[in-house]
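Chain IDs A, B, C, D and E follow the sequence of writing; residue 1 opens each chain.
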Amino acid sequence: MSFPEILVGIFEGFRITAAVVFYGLLFAVPFALVFGILQHFTRGILRFLVTAVIEFWRSSPVIILLFVFYYALPIFGVVMSAMTVSALVLGLNIGGYGSQAVRAALQALDPGQVEAGLALGLRRSRILLLIELPQAIAMMMPTLMNLVIQLVKGTALVSLVTLGDMTFRAKEIAQIEYNPVGIYSGLLLAYFIVCYPVTVIGRWLERRVGVGEGQAHGL
Amino acid sequence: MDFNHAFAIEIVPTILQALHTTLLVAVLSSIGAAAIGFTLEVTRRSGRLAGYAMRFVIDFIRSTPVLAQLYFLFFVLPFYGITLPAMVVGVLGLSIYYSGYLAEVFKAGIDAIHRGQWDAAKALGLSGFDTIIFVIAPQMLRNIAAPMGNYFVSVLKATPYLAVIAVPEMLGSGFDIASDTFRYAEPLVVVGIIFLFLAISIAQLVRLLETRLNAAHNR
Amino acid sequence: ETTRERVLSEKTIVIGVHNKAPWGYRDQNGNPAGFHPDLVRAIFEPLGVTKVELVIADFGALIPGLVASRFDAIASGLYITPKRCELVAFSNPDLRLADAALVAAGNPKGIKSYSDIAANEDLKFGATRGSVQGKNAAAAGIPESQMLLFQNTESTIAALTSGRVDAIAFSAATASKVVSDPNIDGIERASPFTGLILGNGKEKVGHSAVAFRQNDEDLRDLYNERLAELRADGTFDLIMEKNGFSKMEKAPDISFSQLCSGEL
Amino acid sequence: MTEGLPPADQNLAVEASGLCKWFKKFQALRDVDLQVRRGERIVICGPSGSGKSTLIRCLNGLETCQQGQIRVNGRALAPGKNNLEIRRSIGMVFQSFNLFPHLSVLQNCTLAQVRAQKRSKEEAVEIARHYLARVKIIDQAGKFPSQLSGGQQQRAAIARALCMKPGTMLFDEPTSALDPEMIKEVLDVMVSLAEDGMTMICVTHEMGFARKVADRIIFMDEGRIVEEAPPEIFFSSPQTRRAQLFLDQILSSDVH
Amino acid sequence: MTEGLPPADQNLAVEASGLCKWFKKFQALRDVDLQVRRGERIVICGPSGSGKSTLIRCLNGLETCQQGQIRVNGRALAPGKNNLEIRRSIGMVFQSFNLFPHLSVLQNCTLAQVRAQKRSKEEAVEIARHYLARVKIIDQAGKFPSQLSGGQQQRAAIARALCMKPGTMLFDEPTSALDPEMIKEVLDVMVSLAEDGMTMICVTHEMGFARKVADRIIFMDEGRIVEEAPPEIFFSSPQTRRAQLFLDQILSSDVH
């Protein structure tokens, strides 16, 4: 197999990679928003619980979670498909990171914004929805792009739970073709091709956020 | 194949034997990543051409999975005559991978420093090197303690990947037990809990450091 | 409904493989291939089970995957060992294989046994994590400092071709398949090669079999009945031949229980 | 919650009595009493940290006092609650403008009208345009805050507050973040509001403005109201030594 | 690189000729000429955006001009280079102080002495203590900038610049970020520096200060030097309409 053939072969796994990313985002985005906001607003024991959930998903190695969810949970009667397990574990892991971006963005907002809203007689929930979130989301878009890339790269682990993603394809080709130079270079290139555009978009957003705010906010 | 608590406790000492490798790799890689990342970012700022080149290097590193990078370093480089021991490849691989992220963290940290600090240093006749070492870096450290700590946790969590290049770290020793005894749930859960414990300890340390830094120079 | 009833009524059996020729893998057209998948097909087809589905997992994930009901049987060259017997229900053995070592072409380090490697601390040895060869090598005295364990067969081979290790060990079947692969240059089978010598002075050999879940013994018994028929009518020999095994490697007619108890 | 206050007086816009406020252990307000008649214009001044901002932030409930009562248009402020009604009847202009950066100037002015006062979109736009014209930045209505100069931003913030048609306006050093030339733009708008009879409570060090429009000047120090007098008297013969010192310092740096 | 400039004159501290400076397409300086004698005290004023900061930042090379030459103490400034020597001979004080927040006041004053001028640690500390005493904050030497008031911070920044023993001091609106009460502290220090005969170029709107110490007032508008006169003449009879207008606005907001 020539190098381009290897690359095409690896890209046969793209559909699975893309599906895991897509379903993963369905878990990640709501989790990040809900838990980021909860962590920002709660105090005391409630905040501790919220933080514990976030830390669990953020701090456990994904590779172990995948294994446990796929191979160990069925013993306790919880059976999920490989795709569900992958999307859930990768999605919530990234969502855990995302929640921190949401919280940081909310905290970084000038408190004067909330005060101005209060002084205008807006309800707290309205202020969150109309004033804080729009600004926070604009501010954290670059971070979110990074998380999307993390998610794409995280899918390299799903071959562990039998899904035929790009890394899996690379291993499969390695099975037919003992050509480590071609295959591992191809693997590197394949992910670069998928992720680099997202990186570029992220950079662009970063610059735009910087300009729109008149100054750079360090998250 | 129920979860056997007695067995889980019995294997803890064996797994802890691999702890020192895991910690050694994590610490060395964190230091390496910070050093390479800082160099990348400072070089990026040093000129227009260097800027574009470093930007691309950083984006390339960030756009490919750590697994693919490790495979590449471990299996491909020897074909070009570079055969490094597994442990060195592991530390180098994680250092390079996370340097791409830390470079971004340093960028944000440096950008957040008021432009006047550069001006003041220049106006006092400090050289570029002195400015970075004595004026910018110490302030940057304070800005980035939190995100940098998060990446150190990530480095720790990434050490299980080194199993693929035969570094005897904790997850690998967990799998060894699993393949000896054919009990998977216990070693993986034990390894997972140790990781969770380590990750949370590091996060807590970082938080402590952060509050100390903030208390020292509260503006 | 037991697994046996389900397999027969749905006419489908799901097998787990670790994607390794000649044991169990997916061929270039995406169909199940390899010695054990062929055997499973030959055994179940006359019973009306027309469909053999493949799930590919890492070797180390095969047993957990079976226990977690991710598939109905492991058909991927698993050896019968007493410890594994505690977790899964093996069929009667089908093949009997010794360990084989692969080395760089010309065997520059002159490796002829596990003990040769153990005796020279400059030599590095590689095996697949969880494989019997890795354990045999350790039992034969190769210390941890000389042993590298890799995630899968390809990595292990890549470690040899890239010069990271001086020798690797597989079952004889895998080794001959690897050596005959036109894509791999520069390595050869160390010959002769002595594996782990047991207390009784004999070389340790492995017996491969198909594995079922422990409470699926009815399915296993059905399989064993059919296996005996195939051994008798010559179909078994054809499947061996098709997958590149020699007659020497046919297991003697013994029962799984003898191997599980460690008698042999 | 209204013990300490006399019965509600229709002529009073804002009443405060016995306000005490602590931040942790630090006491920022000490027993402050204040009565502001409808249409009255009050200027509050005093050294940095004397509690001026804290006082006016308490008046519309942005800070809660641990002791004392506040009544706005006869309604008592409930501590810790979301006093929406009262907040809507008091406009506030901040030192740092606090415009919403993701909304255009017009949207800044209509947001609370539509979402808090349930006006129709059309009505809100009409009112917003009216007040933007009033502060002379109607031509900037479509721009985003970041595209405006400081003076224009502050005028937009004033228009935004006016759109709620508040009975009373609070200003917290509205010109101190501005360049010298822009200060005048904003002061002009404030003078014209004062001339229209708006109730105003204004923290400022612009003594020219104070002299021109204030009915009463309140001088604070260390959380207390130390002196309270009409401007003629305050500037010419401050009663306390602290106010005297303050005036000396604030006026000495400029020479005319 | 010195075409356009007359031969070096030992009596001139700073000479600039034909300076033009663009930010992208926007021209911030238009053909600016300036000669400052040793010991002369210059005040630069003018409306916001007129290029005052840009001009003085050019003088010590913080900005590079696309056209024109600058000579400091007879040495030409090389554009784009790190003119360390020249920078060390000019002290600069910024509007926002720009003290290094992670260093104590004393460390702020010694860092550049040790690293840039290679003085010994002991000598640097001695010099630093001398100048800190000079600006009357020797008792704050061990504190961090965040623990000081604005006026103290600015005085520390002045001491830091003085420690380099510069021939010339540049000030960019040194008091405009300060509270009214603190302005005086800083102006007092500057007046005493002026009395000692230090060459000073100062952007400021403190007209009292200008009147008191300036030998010459330079009025800028739209990147040009529009008017240049001794203070008596500038304040009583500005020659251009633009300067007249500016003076009106800047003086009208305060009343005495």
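What we mean here is this: a residue touches a chain if its C-beta (ideal position, glycine included) is under 8 Å from a C-beta of that chain, and two chains touch if they have at least 3 such contacts.
Composition by chain, UniProt nomenclature: A = Amino acid ABC transporter permease; B = Ectoine/hydroxyectoine ABC transporter permease subunit EhuD; D, E = Amino acid ABC transporter ATP-binding protein.
The structure displayed is predicted, hence computed values, not measured ones.
Looking at chain A and chain D, no chain is in contact with each of them.
Across the two candidate interfaces, A-B and B-E, the one carrying more C-beta contacts is A-B. Centroid distances from chain A, each centroid being the mean of CA atoms, peak for E. Look at where the CA atoms of chain A average out and do the same for chain E: the two points lie 50 Å apart. In terms of their C-alpha centroids, the spacing between chain B and chain E amounts to 45 Å. Centre-to-centre separation of chain D and chain E, using mean CA positions: 36 Å. Chain centres here are Cα averages; for chain C and chain D they lie 83 Å apart.
Among the residues of chain B, those in touch with two or more other chains are 1, 75-76, 79, 184-185. Looking at chain D, no residue sits in touch with two or more other chains. Chain C has residues 64, 67, 158, 162 in contact with two or more other chains.
All chain pairs in contact, by the document's touch criterion: A-B, A-C, A-D, B-C, B-E, D-E.
Across the complex, chain A meets chain D through its residues 110, 112-113, 115-124, 126, 130-131, 134-135, 138, 212-214. On chain B, the positions that touch chain C within their shared complex are 1, 74-76, 78-79, 83, 86, 163-164, 166, 168, 172, 175-176, 178-185. Contact residues of chain B toward chain A in the complex are 1-3, 59-60, 62-69, 71-72, 75-76, 79, 104, 108-109, 111-112, 143, 147, 150, 153, 157, 160-161, 171, 184-185, 188-189, 191-192, 195-196, 199-200, 203.
On the chain D side of its complex with chain A, the touching residues are 60-62, 82, 84-85, 87-88, 90-92, 94, 96, 98-102, 111-112, 115-117, 144, 146, 157, 160-161, 164.
Residues 60, 63-64, 67, 83-84, 86-87, 126, 129-130, 135, 144, 148-151, 155, 158-159, 162-164 of chain C are the ones that touch chain B when the two sit in their complex.
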